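The structures come next, written out as structure tokens.
Both of the next two complexes hold subunit A, though its partner changes from subunit B to subunit C.
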Partner chain A sequence: MRIGRATTWRGAACAVLLLVAGVSLAANWIAPEGYAKQYREAADAPPSHAHWLGTDEIGRDRFARVLYGTRISLLLAPAAALLSTLMAALIGGLSGYLGGAWSRAAMAVTDLFLSLPWLFLLITVRAVLPLNVSPLFSVLVTFLILGLLGWTSAARVLCATSATLRDSDFVRQARASGIGAVRLFWMHVLPNLKPVLYAQFWISIPAFILSEANLGILGLGVAEPMPSWGSLLKELEGLVSVGEEPWKLVPLILLAIVVTSFQFVLARQEEAAA
Partner chain B sequence: MLRGVIAKRIAQLGIVRHGLALIATVLLGGLLSAVLVRFAPGFDSDEQELDLHLNSQSIQALRQARLDQHNIFHFYLHSLNRAAHGDLGTSISLGQPVTTLLRQRIPLTVRLVGLGLATAWLLALGLALSAAWIRIAAYDALNTFLSGIFLCLPAAVLALLSVLWRVPAALVIASIVFPQLYRYARNLLAQGYASPHIITARAKGIAELRILFWHVIPVAAPELLAVAGISVSLAVGTAIPVEALCGLAGIGHLAWQAALARDLPLLMNITILVTLVTLLANSTADVIGKALRGHEA
Partner chain C sequence: MHSAKPTDVLLSARVSVRYGEKPPVLHDVEVSIRRGEVFGLIGQSGSGKSTLAMTILGLLDRKKSQVEGTIQFEGSNLLQLRERELRELRGCKIALVLQSPLSSLNPALKIRTQLKEAWRAHASGSASDCDAAIRAAMESVSLPASDEFLKKHPSQMSVGQAQRVLIAMATLHRPALLLADEATSALDVITQAEILTLFRQLNRTTGMSILYISHDLASVAGICDRIAILHQGTIVEVGPTGEVMANPRHEYTQKLMAAIPQIMRPIATATAASL
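Entry: the complex of A and B
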């Protein structure tokens, strides 16, 4: 009974994610004017037939910006998650498989990264790179940083799993039969890490979406005029009252729905990994 | 005799090993941030050179000073040597000694993070214990739903809403830390209650309160302590958006200002400080956890 209810919730979550992704991918057709066009005569306007979510303070259609922003966040967060998962597989999986000094060195670096709070690490590394860059470059830099720094906790798990696999009977038998180290890792160890890798991939997506939002609100994320959930949420800074302008909360509600949906899907991946 | 016992206990708890690992990690972290600072674009340029009042000799002296910092190890050792003498350098953007800035801002962050952590722990443990005690599915689901809401919101948004609704900033930190703690504590207590010795104790008719405080909590305590270390790191990280967006002049605000102004030397010192704090918290939790496990054994 409980399992059936959980499956229903997960199905609903997948449907929501597909719907949001589908609509955002169709942004070019739904809002052909784009996210940067200014309606100067209707700046900071409330929702109307022409602008479903009103316009921002410089007259850009908020609905179009939400659509394009959702597309950027929903496409690049999984891309960053994929990058971090691959790095975790390579560093964590390989160091666990090799063991000894390799494993100790990799885990020392991992510990160093993990000793810093995630948001603090992001801000520090983002600050080191130039801040005054083109919008497209800022998008790439933001999500690349997320991908390049987000592998550490996954690497720790993969290192431990890989070390267990190294000492397992089937790997010993494969080694005894003369299979080379690279082939052994590629053909026998890596496929057995798949469930953990899937789980880490799904865990990373909502974490990266939230991190991008935090960076965007702090002014260290995607640069204007490019929209993302982070830059869209920055508008909440000027909010006087939630009751007077509730439409400004739409990006936040959408983000919460998407992250919640990912949490439901994630539960299934965690079960699979276990 | 007593000294020997103390030395043996210190060795058992691995305090020396923890201390050495802590020093090594902080030094490595410092080196890493020094490398980032050294190779960051714009390291070689200095706005001071544009000052019309400077003559060619002064400009040459400024360039020579920067040339000395080109070797990364020289740069790092020089920074360490100065730090050992209490000089952490001067902030480029704020024009004040870093030591003064840190001294001014640490108390506020300590208060904020401390209050936030205390509230989060009280709330998480209170709800997890009550859920374990009451054992009603609807109550458990309600708590999970409440903690789930906060897991889906960025800390920065909660900070903005706290300004709008005039909620104390410490509560924002608590609301970010609480869901993680609640989930962990709830699972640990649920595991504890499902263990065979608790079922036997129940069958023998031992009072529920006695089971909770004598048999469940002591088993869960070492693992909860491990989460305590992680919760400090989480709270310190959350302090950045909270202080920056609530206008509170703490370490998080300083880090944010340094990041926006690319005040890299200041950022390097804050990185070392934050690494030290989080590592100390984790090591302390680890040592106390080991001591508790040893006590139980």
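Entry: the complex of A and C
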């Protein structure tokens, strides 16, 4: 009974993610005016027929910005997750397989990264870059940084798993068949790391969405006028009363729904990896 | 069909192996395997049997172990070969079958993929050449070479089938020497008998020499032309199977003989004598 209920929740979570992703991908058709158009006569307006979620303080349609912001966050978070997963596989998986000094060196670097307060590291790295960059560049840099800094925990797990696999009977048997070291890693070790890699990928997506939102709140995320969930949440800084302008909470609610949905989907991946 | 009793030496080893500062695992062990013979190496767990197999294949961790001596195989000293040269020998001239069949096959790969990988390690050719080699190897171990079977993962097979797949993989390139390291220890008695018959059959039909490593004297008696008894890293007795079993000279060999269940002893001795 519990299994059936869990499956239903996972199904609902997948449906929510597909719906949000589908709607955000159709942003060009749903909101053809774009995310940057200003309606100067209706700045900071409440929801209306013309602007379903009202406008921001410089008159941009909030609904359009939520749609485009969702698209950016939902597309780039998986891309950054893919990057961090590949780095974890390369650094953790390969060093564990090679063992010895390689493994020790890779794990020393990993430990160094793990010991750093990563949010502050993220802020520092992002702050080093100029603030007056183009919006597209800022988007790519933000998620690139997330991807480049997010591989550490998974690399440790992968290093240990890979070292165990290196000493396994089937790898020894494959070596005894005359299979070369590169082929051994590619064909015999890597396929057995897949469950851990899948889990790492899915775990990273909501983590990166939240990290981007954190950076956005600090003004270090995606540059204006391009929206992202982070920059949309920044608007909440000036919110005095939730009761008076509840529509401003929509990006926050959407973020909570999407991250929660990812957690439900993720539970399945973790079960598969276990 | 190959001659069962050739006399020219295929592999001649005299080695000592030590891990770090610990006492040697193998101490001046001298083994000589003739072409076409099944040579048995018997000893209890921890006596150094597997270490010898791994030393022959160059699969011991070079940083953790110190190997001294020579292993002459077809004119080369295996201990002086580089990793690349050893890789060319592994699976092609000298193959290995390990103890636990299910853990010796990659759980993430289909059987066909694993056989293909073993084939590709020493052969280049078309997909049909590879399929033909796989089919022949599977037939030689009495397994179906159908698509349905080859698409299976190791977890979908019985232990006996998995061991046959391993043997097919090991004999894919018709090696001159097969190292069977406790290859029947994890099997039930019926499957064990089938695999022993298969080894003997492969030896007779292809002329492949087999170093059959086991702690089980009774199973060794059924297949080996000659046996060596390994005790605490030293060979204490070596000779034709029938002779050693009928007249064990070393105290440890006598203990091993005494350990064979009474009901099995006449059968084992008679089988050994008939070889």
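Annotations
By our rule, the second predicted complex is superposed on the first by the 274 of 274 C-alpha atoms of A that agree within 3 Å, B and C clash if a C-alpha of one lies under 4 Å from a C-alpha of the other, contacts with A are read in each partner's own complex, and residues count from 1 in each chain.
We take it that a residue touches a chain if its C-beta (ideal position, glycine included) is under 8 Å from a C-beta of that chain, and two chains touch if they have at least 3 such contacts.
Quantities reported herein were computed from a predicted structural model and do not represent experimental measurements.
Superposition model on subunit A: subunit B and subunit C are shown accommodated side by side without a clash. By the touch criterion defined above, A:22 reaches neither subunit B nor subunit C.
Once the two complexes are overlaid on the shared chain, A:194 sits against subunit C while remaining clear of subunit B. In the superposed model, A:236 makes contact with subunit B only, not with subunit C.
For the combined arrangement built by superposing the two complexes, subunit A sits at the apex of an angle of 90 degrees to subunit B and subunit C, based on C-alpha centres and given in steps of 10.
By the document's definition of touching, of the two partners only subunit C reaches A:175; subunit B does not. For subunit A, the partner with contacts to more residues, out of subunit B and subunit C, is B. Residue contacts after overlaying the shared chain place A:118 against subunit B, while subunit C stays out of touching range. Contacts of A:126 after superposition on the shared chain: subunit B is touched, whereas subunit C is not. Judged by the touch definition given at the top, the superposed model places A:220 against subunit B, while subunit C stays out of reach. In the superposed model, A:252 makes contact with subunit B only, not with subunit C.
In the superposed model, A:32 makes contact with neither subunit B nor subunit C. Superposed on chain A, the gap between subunit B and subunit C at their nearest CA atoms measures out to 23 angstrom in whole units. Listing the residues of subunit B that touch subunit A in their complex gives 25, 28-29, 32-33, 36-37, 40-42, 148-149, 151-157, 160-161, 164, 233-234, 236-238, 240-241, 244-245, 255-256, 258-260, 262, 264, 267, 271, 274-275, 278-279, 282. Within the complex, the subunit A residues that touch subunit B are 108, 111-112, 115-120, 123-131, 206, 210, 213-214, 217-220, 233, 236-237, 239, 241-242, 252, 255-256, 259-260, 263.
Those residues of subunit A that touch subunit C in the shared complex are 100, 168-170, 172-180, 183, 187-188, 191-192, 194.
Touching subunit A in their complex are the following residues of subunit C: 57, 59, 63, 87-92, 95-96, 98, 100, 103-109, 113-114, 117-118, 121-122, 166, 169-170.
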